[in-house]
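Both complexes shown next keep subunit A, but they swap its partner, so subunit B is in the first and subunit C is in the second.
Up next is the complex of A and B:
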């Protein structure tokens, strides 16, 4: 057997969840403490690298996007417009590279949710699954948030809205309140009484934080269903060179993939027509691939090259390891 | 008894206020400001005209700053220490608003991201004393669009001084890693006074926009510090703006017996007055509350927990695995 084939088999036999856990820890430290190592990956990252963390190793794209939208229309066609375009293209480039795996492998807030899930499991509380139709009703919220985070700052420069709306999404994002805690910074856990808008936004921020903590405890990756970054990523996810593909002819619709899916995507089991199986809430954690017993039914491809495939041998090896 | 108490009280008040009334070099000091003063030799900041101040988030190719005087000698100079360490001169101009300096911040490609030091040096002979008045200003040249690439560059972040400036105040911790002002009321403002690059003991006065003053003397190593007071009290709470900048000017004075000649005339004594203005915001603690934050967090956590519990109870055996 050639060395490439052996390497491929080794990867297909391996436990992607374990690899993902280690990768998440590394990414978390990089994005929260990277500044101590003078690391600044990008100011336009397609993940929640929160700007309220002082020594972060990069910055979430939603932060500059909101700032850039606070600009008079006529300025969009000047040099400042080039800045907006450059920021967007950087975001797009990074997104194309890793697609929605930014959520599953890198997002620090996603990692915190996974840790909360582990905590729940360790203290013996059963996890819950909830009907898809219930979540279908509410997961459009992410697009409403996405539109608002663009329109509200735009309204400051063009419609005379208060400057307190400059970064409306950041004010209610649980990343702002939770991620600085890992740097012993409690300064975001406050209500700002300097204006009515600030009272509303910071109050809503603390309310969302409360809902986030309990929600993540009750439902795996609860907040990802409402995340506007996830919505923005999905709009462009078809361009990604990291892809998750399904060969419907090999699917037996056993439902393993759906059962392990943290965000409860039913199409992963039911859809046997689509080749590209990256759905709206998918975070490309590839748990579905490792849970699939069918040979090459689910395949992770990078630039057209298969890098991780579902195999019968790999499936049973993982089952054996777990006992 | 009562009269003597009143007299004693008045004497004490007189002693307490006397140093403030006699303001020493503060009235002679020249200082730089972002907006032109309405009049001249007026209190710092009390005479600002309506006009926008510099944004520290957006860079511009030229910045004009104003002196508080109409009177400068012919050989007055404006020296600029740029963020990359290069030294240039800036043109001084005079109009009905007084003297001003226009700073060339180009190129606008982010290579000069950082702090410009601007010094206006004016010398004149008064009797047998050489009076040197220096107005220094730290000017932020920054655009968030440049990407904060110097945020870990110690050399770029470090407050700089020039060895040939007769007397200079160097402020510390004035800006953060992104070249935004970071001082807030309640913070300690620490600084050094340098005489041609070397620390010197000097008397220093602080004057805020509202007129509050404080006098102090630097240590032997030239260092000093004072706490920034909250200097912003709008009439109504609804008028409160977190982005409002209070300002102050530091005035350091140094005198010594030094002989020399200036423009062919000899002097026996030297007197130097130097200034450094800066701005600060009201501390967040003045308008934020942890208690309410944690209260809202707790209420919503409990509420969400209850909703989840009831949902699970209602769908027991159906959806909960």
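Up next is the complex of A and C:
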């Protein structure tokens, strides 16, 4: 019992952000170069394991999803429909396992943004934030993208839309242009002039890439607020085994968790009612937990077992190490 | 000449006033921790013998706890909280202030009017956050007395983004003002070091806060008030060291199952208007009558030191300033803010954490903010079955007899309840 207690204390004293940084590097290598080791985790991953990266170690679920939606409606009830279902179930299984930590710990595009953030911070420039009102509007865009990435391919098979609309989201996703660069593949950094639609989509893709780089420099996790994968995850996030819980009675509403939050979730500080505090933009990086000075106010649980808690002792240990 | 005479007699009175309280604090309680001696002696030196440090550093006076002390330290100056608890000074402040204003404001004005160099020689400016009306208007009176007063604008709401933005702006303006006063530009490194310094003090304080609330209690609440009062003017490094020593002693006491007070003394939480030495009237009454104040929510004690500054990115001055600003606004439970739900939540949490049996709410006559707030606090406590004693009082010793009867009855009723519950 004593050793479990000590282990718990050791974990609670630690800085999860440092652990996360290392973990992200590992996950990044696995997903970008995993192919060299013949690793293929899954073709339905709830994270941006981009299919345009040649030697990747897994594939983003949005890729098969968009392909599957390009199917005549009657086929959904046949064997091909079962394919759609198993794909989705695999995605769901992986999501339930790690919940939105796929964003905070694994997503290569998220990791790239965190690296850009580190670069910015090292230069000594401050980050920007959104006014509350704008934030509320912006973070709904991801659902529009999610609906479009399902409806447009569906329109190809059922409404006679041009084939150029296959995988429309991938065409504008910054993962497609940026992640292949890590295997020295510049081939996605082009505008495809073969058709009007392609010019539009790849042109938009290039614009988004530019905005992504500038945005990630100005704001922490800039792109994540727009990410349709994040929206899709959130719909099922409540089923997750990995959870972030808050004990509102212990909260002083000091607002520090909100200030350190890379995606700017205000409820983490102000909501004293909800037990489950994973909000739609949350990426489960748990920076809030390590920034909280109140004993057991915020708790990370896996399958009902507390694996990382905010503690007074841990908080001051981390603060002392800073700088 | 006249003023010199008044000054001399007032300081004599103060010396007696403080001496008497210290005598009660030390001699009425046989089980005071050894390490408290440092704090008793410090107060005796300052209030009875008027020994003042003279290291020549610029002193910035503060009233209220919303003044970001990090900015003062980072500018190479030393903060000095000037809120006074001295009845001897209150009598001097009664001239320039309305008769019905609160004792604390009158005493502070009185001190600044008569002996602005009471704690230190080098008071360069006084920063007053725009909290209650009395402090604001007192600021104007103090300014007329020739002291450089700066009003730090504080929003009436802390829970809105607008309020937060307004406060950031105020804090940034204070940076410029500090620059003008000290002639030093605020640097990132200096601010970072100041944050660490104050966080060290808060870390030590929070250890104390937990130890003090143990069951059974290893220390009296009057000592907790003295420890935090010393923070107002003590050299911070020495204060941290002394508190750390006290904490070790308390830790050992707990291990050896030593306690202060009688067994099963009613566990009291003190809240409301601040208790500042030498005004320990209510705390001493409670503890001399057999209760123990195991926790408090006073802006002169726990609230002053509880919350740390939380830093994330350290590379930009702006981000550090934001972190400092948040610390002084968001968790603050001053009754001047619109909406006091946080205050009630805090109290209820303390009640649970420290097994509180009764709450004493002191309000200085003339402080309508605390007076108004007390009703809703009483109601919140009542819903959890915790009795609250509301006492309106001031710095004068006149109401002591009447109050002691009430406090005694309150403590007795807690014991009765306990018996009732045990049967």
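Just so it is clear, the second predicted complex is superposed on the first by the 321 of 323 C-alpha atoms of A that agree within 3 Å, B and C clash if a C-alpha of one lies under 4 Å from a C-alpha of the other, contacts with A are read in each partner's own complex, and residues count from 1 in each chain.
Methods note: a contact is a pair of C-beta atoms (placed from the backbone, for glycine too) under 8 Å apart; a residue touches a chain by one contact, two chains touch by 3 or more.
None of these values were measured; they are calculated from a predicted model.
Return first, second, both or neither, reflecting whether A:163 touches subunit B, subunit C, both chains, or no partner chain.
A:163 contacts subunit B only, not subunit C.
Could you tell me if A:322 is touching subunit B, subunit C, both of them or neither one (first, second, both, neither)?
second
Return first, second, both or neither, reflecting whether A:187 touches subunit B, subunit C, both chains, or no partner chain.
A:187: touches subunit B, not subunit C.
Go through the superposed model and pick first if A:10 touches only subunit B, second if only subunit C, both, or neither.
A:10 contacts neither subunit B nor subunit C.
Once chain A of both complexes is superposed, is A:250 in touch with subunit B (first), subunit C (second), both, or neither?
After superposition on chain A, A:250 lies in contact with subunit C alone.
A:206 contacts which: subunit B (first), subunit C (second), both, neither?
first
Would you check which partner chain A:214 touches, where first means subunit B only, second means subunit C only, and both and neither mean what they say?
first
Go through the superposed model and pick first if A:131 touches only subunit B, second if only subunit C, both, or neither.
both
Once the complexes are superposed, what residues of subunit A are shared between the subunit B interface and the subunit C interface?
In the superposed arrangement, which is not itself an observed complex, subunit A uses residues 126-127, 131 for both subunit B and subunit C.
Could you please specify the touching residues of subunit A with respect to subunit C in the complex?
Against subunit C, the touching part of subunit A is residues 121-127, 131-132, 249-256, 259-260, 266, 269-270, 272, 287, 291, 293, 312, 315-316, 319-320, 322-323.
Quick check: in the complex, which residue numbers of subunit A touch subunit B?
Touch residues, subunit A against subunit B: 35, 38, 40, 43, 64, 67, 80, 83, 126-131, 163, 186-187, 189-195, 198, 202-203, 206-211, 213-215, 218.
Mind pulling up the subunit B residues that touch subunit A in the complex?
Touching subunit A from subunit B are residues 144-145, 147-149, 151-152, 240-243, 284, 287-290, 292-294, 296-305, 308, 311-312, 315, 319-321.
Using the touch definition up top, name the residues of subunit C that touch subunit A in the complex.
Within the complex, subunit C contacts subunit A at residues 159, 161, 164, 188, 192, 196, 199, 203, 206, 210, 307-308, 310-316, 318-319, 322-323, 326-327, 330-331, 342, 345-346, 348-349, 352.
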